[in-house]
Amino acid sequence: MGTEELIQSIQSMFPDASINMGNNFPELVIEKDSLLSVLNQLKSEPTLAFDYLFCETCVDWKSHLTMVYHLDSTRFRHNLVIKTNLDAQAPEIESACHLYRTAELHEREIFDLFGVKFLNHPHLRRILLTDDWKGHPLRKDYDDPINMIKL
Amino acid sequence: MITFLKQYFKDIYQAISSLLKGMKLTGYYFTHHKEIITQQYPDNKSTLVLPERFRGEVVMLHDENNEHACTGCSACELACPNGTIKIINKFEVNAEGKKKKAIDAFVYHLELCTMCNLCIVACPTDAIKMAQTFEHSVFDRSLLTKQLNKPNSKLREGVE
Amino acid sequence: MFEQVSTSENGELVINVGPQHPATHGVLHLLITLNGETVTKLEPNLGYIHRSIEKMCESLSYRQFIYTTSRMDYLSSHINNHACALTVESALQIEIPERAEYIRVIMSELTRMASHQLWWGAMAMDLGALSPFFYAFRERESINDIMEETCGARLTMNYFVPGGVMYDLHPNFVAKVKEFIVFFKSKIDEYDELLTGNIIFQNRMKNIGIISKEDAISYGCTGPTARGSGVSCDIRKIYPYSIYQKLDFDEVIEHGCDSFSRYQVRMKEMRQSLKIIEQLIDNIPKGEFQAKTKAVLKLPKGEFYTRVETARGELGVYIVSEGGTSPYRIKFRSPGFSNLSALEHMVKGHKIGDLVAIMGTLDLVIPDIDR
Amino acid sequence: MDVKITPPSEPFPGTVHPTDGGGVLVSSLDEVINWARSNSLWPLVFGTSCCAIEMMSTAAAKYDFSRFGFEVARATPRQADVIIIAGTIVNKMAPVLKRLFDQMPDPKYVIAMGACATSGGPFFYNTYSVVKGADHIIPVDVYVAGCPPRPEALLHALITLQEKIKSGLTRDQIRGEMKAHGN
Amino acid sequence: MLRLENISSFIHTSLSNHLSETSVLLLEMTIIALAAITLFALLGLILVLMERKVSAWIQIRLGPNRVGPKGIFQTAADTLKLVLKEGFVPDGADKFLYKLAPFVVMIIAMILLAPIAFAKNFAIWDLNIGVFFITAISSVSVIGILMAGWASNNQYSLLGAMRSGAQIISYEISAGMAILSIVVLTGSLQISDIVASQSNGWWLFKGHIPALIAFVIYIIAVTAETNRAPFDMAEAESELTGGFHTEYAGMRFALFFLAEYINIFIVCAIGATLFLGGWMPFHIGNWEAFNHIMDYIPSSIWFLSKTFFLIFVIMWFRWTFPRLRIDQLLQLEWKYLLPISLFNLLLITLIAIKGWHF
């Protein structure tokens, strides 16, 4: 399936969502509540078969956070980026770790560094920093005058 | 039963032969001392030649008149990813009475330096280069902060 | 040893492996629950070498941030640098001279071999055989010598820059690499003789640490870890970058799904890397080694993602640019992080000795996991 | 820094007095003890990042620190004499490092290998989790610069540490000594 | 010619000339104790250095060569340092057992030196059940290891000690069977008898293939019994950091370390005595001239060179093979070594009854 076809077929599957071509991969922007159903459909639809989540991360845009999921299909070798915006104050989203096991550690990392709360995650705890760490360091408003020496 | 026994002894034979193969190799190395590749570092110090590109530390080149080529443009300071270089400038009054910028101290934190070579690439006058020295062990880490321009050194004529 | 936790409620022994433990190859901390010698539960505890590289890169320029990635997965530092350089180049649409491409691929493959050699030695050491470590380092040292002559350092080279490579090849480079190819071809057979065929080794490896193809994909395993389970995931083949498209090499896939398959994949990959270098070493085109680039690089607004194949698997570099001189957000998708998540699945039900062996075959580099 | 390098087959330390009947008497116990300590530095297996690979290279055949008797790398701090801090120390690791140091029996020595352990190195600025130098946590005897230092540089550091032990001076004394000599 | 038996008889006669019988006995016992301790320390030093040199040469490097000429003072420096290191008892440890364990291991290693014939007519105690004594006493050393593992209050130590217990008890059986096969051939448990029975050829050659199999089984079993790689489950550095001696430091660790090497020496000495003729020189059939030259070499040299050859073989194993897993280790014993050695014992008995051996 070519990229154009891919975009069309995904658009027809999710008429509400907006999809356009990014620099590298097609990007699908969805509502955060529909994340699980979208991922589920993308994974189970035999012509798409997005079975491999190769990157899951978050970007802090100050006004809001954006969750970014990079999907790949090991069968057809096409990629898709899913983006969904979260509220900056109380970011919350469904965990994808029941569909993709790799998400478990990635989501713990995002929770640690961005403070995004993943619902239904089996053990959401800090992973990289100590448990008593204050704040979420990859947030743009994070400031640590003791540890961070600014150049 | 026969096949079981056959398999049993075949397994043992294969196991032992695979072990002997490994022992043959290690035995070969044990008996062939010419395979030893050890370089005896402190004793080979006089013959040790490092490749000329090896990056050991940043040095400033001084010629015989105690002159260097650093104009104090701080391109290296900007290029350095982790603040290893600090250039402190002063204004000198030259013979014609003009004020001219010159370096007062080229401070180099060897303890921070990662030898990434970005400062050397950035230097427009080739005033600094990477030296091949590597014996940087000290008892006191403050000794690793160095001033690269020698005392009373001057900017070479004609370097802009 | 970190802290002593005696037993869990049902009388199982809980022990801490790491952060300082010879088997963890660094500072990984695993909390394992043992029933006798059998591992019933395993929980990785990361972050003992979390150096906040992602945050740091947000304040570095696009020329500067590359050097930090050498410190991430230090065993494939060239390949990490390659990924970053590729991201910047593709965003700025810089055309790289062909010579630079050739040099980059040769260096990457040499790095891959050096990394696999170290893995071989270190894994043998985990299994209790100490001599292979020294034999592996002998070959690794000759690669290091080649690297040092051209790139100026032994481990963290910072040789790939946006637009090409930092210096041209050293005049001795081609001859030395050819010498190395001949040398290594004779030594790699010794590896097989010493370890691969060894009955103890085979018993320690076969049918240990099984992960099925579906699980490997779901856990996001990449690199030799996934290819040992029959997943085709070599980025060099499926999404070719640089000049890998033009090269003749095979993607090594084994279907055993166990530790021994992963071992075999890496052993065969070393031979494939040799094959790639053999194809390239005589045909390095003449010309520039670096494209002309602006002094200050500014990426256009947008998001850029590059995937490369390191010695451990797929490395993704995700840069979000706001149009400035430094990235707005940078994310490194490290292969070890995902591979580690599959560790518990592989280890459950095996003995504590197998845990060590399985960790050996995963080839974890902890700074790569923690970043 | 220049250190005196002892020749490969150094004589037995201490003062040897021949006695009647062909016997010998060895005096200067301190020298003998320092000789033993300096020639039997067993490192702790402790590598956090890139420098650990260079430490392994030093242990490997080409550089081979077993020539000095350092090769008995102990995995348990109880039996180690010297920690070679090979790599970055982050805030989460700091208590572990302190604990490892405390678990070692006296006399114990510390080498900070590479820029990260010496000062935080490449991760000095703009990082929220890196300890800016291992000497904020445990006392360090010898610092080696480099990122990572060559195996020879590590050997040089070990020889430097040997010289320090042979001199019998404490950390502060040897720093004062060096200041006095303007080195 | 300076022979060890002459020295011992000289000491005995010169003492007897001046002193009463009881005091001679007491004095001699003191001398023997001192000699045993000296031998213990000296053998430890030599064997550790040998191990380091052998490993270095196998691993294409030089090994210790800077402390003293050719590095011969290396282990002396190590021992001195270990003795001078701070010795402490970890928090939560069982203080009494923790301190006792290394001595148990060491004393057992020293007791085992007693029946070994170091040269012709030169043994501390040539008792009539010499071989039995050794098999019995050497199994006691596992108690020291278990003690150390238990008392340390450390999970790694405990695991290591438990592994060691399981391992030593299993491999005792095969080692015993292998020893038994020679006892069957000789018909005596006394070490001097066993050596004397090999005056016309070593059992390894005289006993046909079964003796060879017994020898191989013996070497494998004692490698396991002394916790040497590839059977070093009790220490298993990459798995259990230090195994049973994880929490031991300084002097106490040195005792474990030395005892390990003494144990290797002892099992290799027994192996040399049983299979390679102990201090018996190497003789070939009717080559009188050759045999005379061989006889001229002192018996102690013969004994030591055979022993050190076996030690070298065990070191060679260590630096070549990966470690077995604990269940494979026991599998090897119960599924392979034990049936083979039982069958082998049967064969040997048949050979002995029929008198088929040379």
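Letters A, B, C, D and E mark the chains in the order given here, with residues in each chain numbered from 1 onward.
Throughout what follows, a residue touches a chain if its C-beta (ideal position, glycine included) is under 8 Å from a C-beta of that chain, and two chains touch if they have at least 3 such contacts.
This one's a predicted model, so the numbers in the text were calculated from it and none came from an experiment.
With contact taken as defined at the outset, chain A and chain C are each touched by D. Path length between chain A and chain E in the chain contact graph, taken as the least number of steps between touching chains: 2. Minimum number of contact steps separating chain A from chain D: 1. Distances between chain centres, each the mean of the C-alpha atoms, put E farthest from chain B. Farthest from chain D, judged by the mean position of CA atoms in each chain, is A.
Interface comparison, B-C versus C-E: the higher count of C-beta contacts falls to C-E. The geometric centre of chain A is 41 Å away from that of chain B, both derived from CA atoms. Chain centres here are Cα averages; for chain B and chain D they lie 20 Å apart.
Computed centre separation for the pair chain D/chain E is 36 angstrom, with centres defined by C-alpha atoms. Separation between the centroids of chain B and chain E, computed from CA atoms only, is 49 Å.
In chain B, the positions touching at least two other chains are 19, 22, 25-26, 29, 36-38, 40, 81-83, 114-115.
Chain contacts: chain C has residues 1, 21-22, 47, 50, 52, 55, 59-60, 67-68, 131, 133-134, 138, 141, 156, 194-195, 198, 200 touching two or more partner chains. Within chain D, the positions touching two or more other chains are listed as 8, 60-62, 64, 67, 75-76, 92, 122-130, 147, 150. Pairs of chains meeting the touch criterion: A-C, A-D, B-C, B-D, B-E, C-D, C-E, D-E.
Contacts from chain C toward chain A in the complex involve residues 45-47, 50, 52, 54-55, 59, 90-91, 215, 217-220, 222, 231-233, 238-239, 302-307, 314, 316, 318, 320, 328-329, 331, 333, 337-338, 340-342, 345, 370. Taken together, the chain D residues at the contact with chain A in this complex read 91-92, 124-130, 132.
Contacts from chain C toward chain B in the complex involve residues 60, 63-65, 67-68, 131, 138, 141, 148-153, 156, 158, 166-167, 170, 190, 193-195, 197-200.
Interface residues of chain B, counted against chain D in their complex, comprise 36-43, 45, 48, 56-57, 81-83, 109-115, 134-141, 143-144. Put simply, chain C touches chain E in their complex at residues 1, 4, 6, 13-15, 21-23, 34, 37, 124-131, 133-135, 138, 194-195, 198, 200-201, 203-204, 351-356.
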